[in-house]
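Naming follows writing order (A, B, C and D), and every chain is counted from residue 1.
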Amino acid sequence: MQVKMDAAELNRFMQDEFPQVAAQFRVESVTPMAAEVRLLVDDMHLRPGGTVSGPSMFALADLAIYAVTLGMIGPVALAVTTNCSIDFMRKPEAGRDLIGSARLHKLGKTLAVGDVLIRSEGSDDVLARASLTYAIPPNR
Amino acid sequence: MQVKMDAAELNRFMQDEFPQVAAQFRVESVTPMAAEVRLLVDDMHLRPGGTVSGPSMFALADLAIYAVTLGMIGPVALAVTTNCSIDFMRKPEAGRDLIGSARLHKLGKTLAVGDVLIRSEGSDDVLARASLTYAIPPNR
Amino acid sequence: MQVKMDAAELNRFMQDEFPQVAAQFRVESVTPMAAEVRLLVDDMHLRPGGTVSGPSMFALADLAIYAVTLGMIGPVALAVTTNCSIDFMRKPEAGRDLIGSARLHKLGKTLAVGDVLIRSEGSDDVLARASLTYAIPPNR
Amino acid sequence: MQVKMDAAELNRFMQDEFPQVAAQFRVESVTPMAAEVRLLVDDMHLRPGGTVSGPSMFALADLAIYAVTLGMIGPVALAVTTNCSIDFMRKPEAGRDLIGSARLHKLGKTLAVGDVLIRSEGSDDVLARASLTYAIPPNR
């Protein structure tokens, strides 16, 4: 399967459709059935002690699967998350962006299923892992 | 089991420990092994079309289990989420707060496990359901 | 919403469609959006020490959501599980059947979402909780 | 980190501790933080139509994480599953064994967290993916 939108196109699409969200993230790469997305860590994502909040990591996982799904099927703003299971394993280090590495295991007509590993930039340790299902609207 | 912190105490604790977060939420009630928490829906929680974002619902579920756990064991700021599985089922209605109803199924020495149903205020429809596990630090 | 198949009809349906499985389970009751299913605990479900195995509890949760879904929509043998998240919290007591109490939160045209609490017969302690999503075939 | 038990040692351990279960599975390989386990598909695992049942795939995922965990920490029969989230994506083909490929993302003192991809032998298609958490008993 070929990629229908690359990272630059996805970033423009996000900027047009979800400007509030887009400012916090940057799609780094899209390859067949995979994508990397960066969370530009800012004060708004932090908890006391400098660790990135759980909801911010959830948001990164969610956006990373959205990015790879749209990268494969093209711009479908209405794809929605139906399920996410996320494990938080280690505390992020302060002052570093987070990278979410997403891959799709299934891209059907109505459902996309994949998982995401979240790491601090430049580190191999997995901070969180998530699996997500997106519902894709029919007749698009 | 008796409640160790009531809603007013939890709201003060949240305000002291997580002021950024506390402004978005309000603990409505705490009863043995259960709590209700409100998300004060604001522009920052919305997606285009007026629906509340997935990460905002995740944050509500997360905080609701945190509230009931602390309600039962007292102020332990360092309890951390280790797992969350969340199903998104219906779109929230615009312009209404969300209510997360949490109950604990297990409160052990090191783990608390519970689930949360999220509804729009005044509605019976479940918008999302989540189950969460919190790790409780030992020797507290 | 009304029930389309009651417990007796579901037990006959299971016996016809899945005889191997049906012998291990019994649907106890079906009410609107809820069902209770019993695992007739036998040696095949046990681990050393007399505890019921994880896969057996998974099977009970799975069947309980299947039962309530079919109870509501009628006999659709091809409904399939797409996701399950299960938390194991306490060890079952030896020598007692397990009861799975299922309720549906959403019953859409293509998806059913619900959760299940598993207890030993006669006990209030929740041994496991599970949430499941079933895909319902279209044009049935 | 080094492997403490290899595939042959794990198969012997399983045979001694869980003879009923061990006959259905075979640990194929253990490498640092990873393992492959085979489900020897038999009539008992099948549903009408020849597809492998959900509980059988759950059991394979569960055993694969157990195998890699014990492979890394040595024989600890009492490690127990606390959470599993599993997505079923494709139907297994009849008449072929299933292979579960497990990797651990975290191996702490009290918790192991990992995920598993399940495929039919000789196929690249992922039939199911699962993430699991095991609790490891202290003071072992």
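Methods note: a contact is a pair of C-beta atoms (placed from the backbone, for glycine too) under 8 Å apart; a residue touches a chain by one contact, two chains touch by 3 or more.
In UniProt terms, the chains line up like this: A, B, C, D = Thioesterase.
All of these numbers come straight from a predicted model, not from anything done at the bench.
**Student:** Select the chain at the greatest separation from chain A, using centres from the mean of Cα atoms.
**Tutor:** In terms of C-alpha centroids, the chain at the greatest distance from chain A is C.
**Student:** Check A-B against B-D and say which one is joined by more contacting C-beta pairs.
**Tutor:** A-B
**Student:** Measuring centre to centre with CA averages, how many angstrom lie between chain A and chain B?
**Tutor:** Roughly 23 Å, centre to centre.
**Student:** For chain A and chain D, what's the span in angstrom between their mean Cα positions?
**Tutor:** Centres of chain A and chain D (C-alpha means) sit 28 Å apart.
**Student:** Could you put a whole-Å number on the gap between the CA centroids of chain B and chain D?
**Tutor:** 34
**Student:** At least two partner chains per residue is the criterion; list those residues in chain C.
**Tutor:** Where chain C meets two or more other chains at a single residue, that happens at 82-83, 85, 87, 89, 133.
**Student:** Quick check on the complex: what are the chain C residues that touch chain B?
**Tutor:** Interface residues on the chain C side: 85, 87, 89-90, 105-106, 113, 115, 117, 126, 129, 131, 133.
**Student:** Spell out the part of chain A that touches chain B in their complex, as residue ranges.
**Tutor:** Within the complex, chain A contacts chain B at residues 17-18, 20-21, 44, 47-48, 53-56, 58-59, 62, 77, 80-89.
**Student:** Spell out the residues on chain D that touch chain B in their complex, using ranges where they run on.
**Tutor:** Contact set of chain D toward chain B: 82-83, 85, 110-111, 133.
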